[in-house]
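By letter and in written order, the chains are A, B, C, D and E; residue numbering begins at 1 in each of them.
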Amino acid sequence: MNPILLLPEFVAVAAALGVMLYDLWLPKDRKAVLCTVSMVACVAVFAATFVPAVADGGTAFGGSYLVDGMALLLKRLFAITALLVFVMSRDYVEDLPRGRGEYYTLCLLATSGMLICASVNDFMSLFVALEVVTVSFFVLVAFKRDSTKSVEAGLKMLVIGSISAALLLYGIAFIYGATGSVFFADYRALVEAPDFVLSTELLVGILLVFLGLGFKTSAVPMHVWVPDVYEGAPTPITAFLSVGSKLAGFVLMLRILEVFGRSGVVADELTPFLALIAALTLFYGNLGAIPQTNIKRLMGYSSIGQCGYILLGVAAAWETGISATLFYMTAYVFTNLAVFTVIVYVARSTKSHEIDDYSGLARRHPLLGAAMTIGLLSLAGVPPILGFVGKFLAIGAAFARPELQWLVVCGLINVVVSMYYYLCVIKRMWIKDARHPADPAVPRRVKIALVVSMIVLIGGGLAPQLVEKMTAPAAAQLGLSKTPR
Amino acid sequence: MDALTLLVVVPLLAAGLLVLVPATSEKLVRWTAITASGITLGIGLWFFRMALTGGEAALTEYTAAIPRRTWVESVGISWSVGVDGMSVAMLLLNSLVLFAGCLVSGHAIQDRVKEYFILFLALGAGVFGVFIVKDMFFLYFAFELAVVPMYLLIGCWGSPKDREYAAMKLTLYLTAGALVALFGLLLLYFETWDWLRLADPEALPSFHLDDVFAASDDGAFGVGFQKTAFALLFLGFATIIPMWPLHTWSPIGHAAAPAAGSMMHAGVLMKLGSFAVLRVAFPACPEGAAYWLPWVAVIAMANIIYGGYVAMAQKDIKFVIGFSSSSHMGYTLLGIASVTVMGVSGAVFLMFAHGVMTALTFGLIGFFYDQTHSRYIPDLGGLAQQMPFVGTCFVLATMASAGVPGFANFASELMVMLGAWEAGYEVQAVIAVFGVVITAVYLLRALADVFFRARKERWDKIKDARGPFQRAPFVLLILVLLVFGMYPKPMTDVIKAGVEPIVAKVQAAQDRIARETGEAPASRRTAPETPAAPAKEER
Amino acid sequence: MANLELYGYVILFAPLVATVLITCLTLKHKALSGWVAIAGMLAALTANALMAAEVFSAEPGFTRVYEIEWLSAGSVVIPFGVQVDALSTLMGLVVTGVGSCIFIFSVGYMKGEEGYSRYFACLSLFAFSMLGIVMSTNLIQTFIFWELVGVSSYSLIGYYLEKDSAVDAGKKAFLTNRIGDFGMTWGIILLFYTIVDTLGWDRASFSFEDLRLLYEDTGAVGAIMAEHAGTLALATLLIFTGAVAKSAQVPLHVWLPDAMEGPTPVSALMHAATMVAAGVFLVCRLFFMFAPYPEALAVVAWMGGITAFLAAALAFVQHDIKKVLAYSTLSQLGYMVLALGMGSPPAAMFHLTTHACFKALLFLGSGSVIMGCHHEQDMRKMGGLRKKMPVTFWTFVIGTIALAGIFPASGFWSKDAILGSASINHTVPGATFLYGVGVLVAFMTAAYMGRCVLLTFFGKYRGHAHPKESPATMTGPLVLLAVASLFAGALSLPKGISAEGGWLERALVGVQAAPSWFAGVHEEQFHLSVAIGGTVAALLGLFVAYMFYGSRKWSIDGFVSKVGPLHHLLEKKYYFDEFYLWIVREVQQRVAVLSNFIEVHILRWIVDTIAAIHRWFGGQIRLLLDGHLHRYITLALLGVVVILTAVLVGN
Amino acid sequence: MIAMDTTFLASSPALAALGEITTAHYVVLSSLIFAVGLFGVVTRKNAVVILMSLELMLNGANLAFVAFSRQHANLQGQVFVFFVIAVAAAEAAVALAIIIALNRVKGGVSLDDATELKG
Amino acid sequence: MDPWTFWLGGALALGGGLLTVTRRNAVASVMWLIVAFVGMSTLFLGMDAGFIGVIQVLVYAGAIMVLFLFVIMLLNLTPSGLLRIDRPRWTTLGLASAAAFVALILAIVTGGELWTAGGGDEEAILQATGRDTLIEGGVLDVADQLFNAHVLPFEVASVLLLVAVVGAVALTKRKL
């Protein structure tokens, strides 16, 4: 029992409670303070992950809670995600008619859920922590309760989310039924035993769990909610959803992969399954994005497509593949949040999310234009931006397994497809003439965030080893196969 | 930091500096870009001088002195660079075109100058990268880095009519091609890793070309593997050469791009493909090359003849030059396919010469297009009277393109023809010779219809290039063409030294195949006696 | 002798230096440009004269080759340098000598032209190129300058670049020459590799001297002949194609008449005196290659004969004074080629030299006339200029006499040499017939030149300008050339007239003697019957011309109506142009349009369709999510079931 | 806890088959309940009823958990069900809140009212 | 295991469930759902899961369903029928996929022997697990587990409930 390991979560939950209570005392026109508090909390969470007791790792709660390299990396990413979401939320929330305190509270609670997700080590914690994130997002998506779109998005997410939770649960039940335990430690011992035989029940359970987690990661077939919800949700929440929620799903996927995938038998079953999902996801997201006219919807489809690439690394399921996945996720955080920050601030001036309203952005507001361009190019996987390296590594890791080379071909085709629609946005920003004369007003805080994001994206793209030095040990710690075959 | 790395760093650094320069101080922006490209030109010349005075040995020595800088250790990415005679020629080409492009853009670009030069320099850095890196990751990295800025350069500063379509097509097409090549590169990478692990089970993988070549020399790559890998690498890189029928991105890309964009695109970008084939695919998969190259020699004919005839049917001056480029690249392909020192050196020399020539041509077209806003040949005419200087330069460029002696293009095309014949591609060589006639037909027609004939009043206000700044880029490029055309030996010696080992490898593979099949090789080349390990049996 | 190399390079590069100087420095200073060019040319002339002094005083067959390596790769080495021997010295003298005259003439003729400096730059470039051919040591170098000559010719024909006809003529000249060059390149490469295939890399070379030595080595040639006799013949004839185009032999002659669009001095220098003679020069240079092949020589001879006749016939129907001279040039070039085919390079060179003098003279004279008539070229609008331009008239008459081959003008001797060689030849099938053609052409030459002189200088002035004599810079060269035209015959008085036979023939012994085992070689002999035949034919020609145009005793219209279809054929120039136009328009352009169709409607379509397919799929995928949650749920469940089943069944 | 005398079932083979209840029976039953929930979700358009169907699905899973808990003779399954109920409660609260919000903005809770977002 | 509770509880749960999803009136659905929950509770109790069986009724049937009823009343829902089959293809497909899901599970369950071999037999379980007695899910037993081995999810569940509270307030409170 080592509760200090939960320091980041404690900080997050305490901050959530603090914000909730402070909200009661704050007059209506000073709610912005809550944003500052939340941002400070995020920094504190980030800092907490560096506290030696936490950073050294270990387990707590009788093995229910595990801090390893991957968990730490993801916790840091979640803290950064939340911070950047708060940065872009401030002005957005000020425009909301009500519920500012609740907004920050829920965001922080969702963050705490994600932090726990990164560390769960049994299915019970997994399920509950996941639901903390999911339920928070149900509320946050429908947060603009006067907006039909927002509420509709909330409802759609709710129904699909609950179905997927039920599937997940059913899968967990099967795993429990096949093994008699919910603790990952038991599973590890089980699959590493020499006499381990994979029963169909266990396999179906694992598959159902992956399918259920697909809801969070927006993988086919549980991706159906994504475009609608991305479009309908408040934009900062869409950003949070597209990064935080997705990464929470992926960290759980990786965790389960780590738990069961250490057995070659299971890995052999999982690889074609994940590859199939990855391929479908890639094509669905990238092809579906082509005809989009709404930037948030486009980002929804793009998010599905990006999920496909991360799955590529997951499916590869060897050390470098996981490292690539973590790398990709790191890149994705900065990339997607930069893009959404721009979306938030463009929409503040144009009151529109139509892609056509991005016309001339590069001229109208060079900083937003540059950030958006770099972000989209990073998503498209263009050097020298961080996203490129992530994509390269993921594709390379999948390539290492001959049985996945068809998937690599799918991935490569989709690089071109995705480049098309990202470039379509870039085209409007750079080539078309402006439709809106209004210059978006961007506060300094956001400017700094954007500049930092861009520096991270390009700096990381030029010197990927800086990121790789974080992801590779984390991946190595998981103890998966060191070579592809 | 070694001078090679500087070639990439200087433009990138300048681009980074430009970000900080306020957009309003355009003069500062221009001078920064020109200075940066000037520095690269200096470095390029320095290397050329090194190659001239010290020969290949000096280059090898220089390369050997550059350490591998580990970048991402776990997957074996390292920043390692090197030069041989071939890349020295390409470096010189790129630095020339980049410098000339900056000068041309200096007065031609008036809108969003800062963004323009940032992208332009990034493009230049990418191209330099391809020419110097010895790491497959960075090869692909630099390749893409060179392709994507092109999108915005064409899209924002190109001619409004077709720029969006052209830019999109170019970017997607080239990216698709690059990805096919990437597939091949990854094949090499993992096969090399397998080989490395034979010696040391704990060995980390490596993207380094030296490791790949070592594996290849050791016979780690089976014949079937080499065939596949070479086909992929070649197809991928051939897209940007551009090989028929993968060329459709190219003419329209030329047409839509701004002057300096076309200069870089046609002058340098198109050379990346053939360079990469020679740099990677030949030494890594000699058997694959020996197997596929006869087909390439056939396709090269399609490039030459088909490109020429399509050019003949064009009414848009930039399309004429665009298709002529794809026609000329047929000679490069033929030279590469010949696998003789003569032919391959000729191909590389042609890459250089065509690069300079076509940069000149597009610079000039851009110069008058900026004033006429028309590229439609029947609209133009008599321009030489308003712009005698530009007209004269254009005549020279046309003559160079038409393969008139005295310009480097002639010497290189002659080398290709000789090389092709030497390799036993007699028919192709004759067709290639005939291609020169076709070239002359459409080029002279275009030249006459644009610059000669009766003066047209609507173009009376057009101004000639004035002052050293407007003229310098053109004069510079013409001088280069003339100098290496009049006396090609320095350049060919430099190139030859770089090409010889590559050619020897593939020739050895050809001989091996000939021995195995018992057929006499069609090639009449004098086979250099270089021992090469026999390819491993099919695994 | 060390100076020879220097002389050689001075001859070669002096005009180039002039070009560079004019282009870089003196474009704005017109007068200076002209003098720079002339200085360059005179420098070359001086060097050439000094060289001649050494070469012609040395023993016959004297040859020096100075080379550097120009390019090398693999086992192939391409040299560059100067070859000093009698042939190059003689040809150099012709080029520099006639060239100097024409340069000086141009100063007057081109006065006031806008592109004066450009003109002299191009002219100097031409001189450089031409001298490059002359001094060349090897096939590739020859080819280089061969093409450069084409380029400078292009730039000078198209000198009046606002005139469509000039531009098109330049284009035509360039492209026609390109076709010849195509053959020539092919031939050179074929020759080289044929040697490689039989004798190996060591013997293969592009150098004239190496090749000549190879051909003298009967064993080596025998080895090639044994294996690749046909190939070698093909290579030889392909190289000859280059000469055909450059020397405007049928069927590649079409460019030369059109080339008269250029300024008249250009026509004189390039399209009469020097450039077009390059083909003849080349065959002389490579005569050792032709010699072993009687068939090849027969082709050459017949081509020459046919050209001589066809062109001469065309000269009758021209009204443009320059066109008359142009066809005359064609015809005379045919003569020279005929001589080559008959196995007598010295005769060809002799005629080349004399022709250079009198044809340049005639062209310059016509230029003077044209200038006098304010740029009127139509002879129907001239007449009676005898009084108004006496110097021009007399020099023109001298030129005409020389061209017609009337004793004692130079043309008489050189034409006699050619006819003589034809009369005694036995190797060429139909040599006697060709000899007859030669005589006939002599008659025709005299006739059309008579027509020309009579129309231009006699009768009444029919134009509207006020012609007057040209300035001294123009008449000076005329007089010089007239003197040369009269006395150039002295260069090679045949045996029987002079004691030791033709000086020229002796000087050029190296050209002819190379394949010593070749039986077709003969000595230049004076044959009285041939001389009388030729002279009579010429006088007859002049008489006929006088009857038609001088005294008007015979009606030209009546004659024309009698030979109507023939006249029509001549007016249409045997439909050569129509034929080529048809090829260009109907064949070439159709291929181009077809290729473009493939490009646009097939290749581009494929690419766009691939993109469209993706877009279509995108549109379909978009329709899946139609907003109804039930469909979403169904999709998701279906997905789950399908994927689970697929994976489980897949096991 | 509920003890019944079931020995009589053994007297008839058919009834014996009925009487031998294995974990598998429970699992099948749970999947049937799950499927009924699915059926509801797919066929109903009243959001509240869909919510109830979702609860049914969760219950299906719960049943399986308890059955496995018994089979494996450990309590983890039962504890899990406890958490599932807690989650279901929380979800239900939020879901109903969303439905109320939907009713506010659309004046109805039919899924047909929520088709604005599409494509 | 106890066949009576299985068949009875199963019938109640399944029948209640079916009726829940097919009633036109939402209130009727709630009532039938409560019946189904009672059936579930029966099943739980039949498996000696006392605590769960009780809270199934207390929390689910008692609290959550009351909440549902409140909301239905609040919204004043008019009876709605089955889904109007306006896109029969999709509905059929949906039904088919639900059926396929069951079939899949059925196939897996019957295909393997994990849960059938002696599954119902007390002795078999005891033998397999090596225990003396079957487990009993009484309050104390569950609580012991809950506060020892599974305290982390328990704590996280409190966060979840907090989320639900804040969320419900944020979404529905009239003045905020």
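The working rule: a residue touches a chain if its C-beta (ideal position, glycine included) is under 8 Å from a C-beta of that chain, and two chains touch if they have at least 3 such contacts.
Computed from a predicted structure; not experimentally measured.
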item: Chain hops separating chain E from chain B, counting only touching neighbours; value: 2
item: Co-neighbours of chain D and chain C - touch as defined; value: A, E
item: Set of chains adjacent to chain C and to chain E; value: A, D
item: Contact-richer chain pair [D-E vs B-C]; value: D-E
item: Core chain by centroid distance, with centroids computed from Cα atoms only; value: B
item: Separation of mean Cα positions, chain E and chain A [Å, integer]; value: 31
item: Centroid distance [mean C-alpha coordinates] between chain C and chain A, Å; value: 77
item: Computed distance of Cα centres, chain D from chain A, in Å; value: 30
item: Chain A and chain B, separation of their C-alpha mean positions in angstrom; value: 41
item: Where chain B touches two or more other chains at once, by residue number; value: 172
item: Shared interface positions of chain A, touching two or more other chains; value: 124, 127-128, 131, 135, 138-139, 142, 145, 155-156, 159, 163, 177, 180, 200, 204, 227-228, 291-292, 420
item: For chain E, residues that touch 2 or more chains besides their own; value: 83, 91, 94, 97-98, 101, 104-105, 108-109, 115, 129, 149-150, 153, 157, 160, 163-164, 167-168, 171-172
item: Contacting chain pairs - touch in the sense defined above; value: A-B, A-C, A-D, A-E, B-C, C-D, C-E, D-E
item: Chain B contact footprint on chain A (complex, rising order); value: 320, 323, 362-363, 366, 377, 382-384, 388, 392-393, 395-396, 399-400, 408-409, 412, 415-416, 419-420, 423-424, 426-427, 430-431, 463-465, 468, 472, 483-484
item: Residues of chain C that touch chain A when the two form their complex; value: 611, 614-615, 617-619, 621-622, 624-625, 627, 629, 632-633, 635-640, 642-644, 646-648, 650-651
item: Chain C-touching residues of chain A, taken from the complex the two chains share; value: 155-156, 159-160, 163-164, 167, 200, 203-204, 207-208, 211, 220-222, 224-225, 227-228, 269, 272-273, 276-277, 280, 283-284, 287-292, 417, 420
item: Interfacial residue positions of chain B with respect to chain A in the complex; value: 23, 70-75, 77, 112, 115, 126, 137, 140-142, 144-145, 148, 151-152, 155-156, 163-164, 167-168, 171-172, 175-176, 179-180, 182-183, 186, 189-190, 197
item: Complex interface listing, chain B residues touching chain C; value: 169, 172-173, 245, 247-249, 306, 309-310, 312-314, 340-342, 345-346, 382, 384-385, 395, 399, 404-406, 410-411, 414-415, 417-419, 421-422, 426, 429-430, 433-434, 436-437, 440-441, 444-445, 448, 451-455, 487-489, 492-493, 496, 524-526
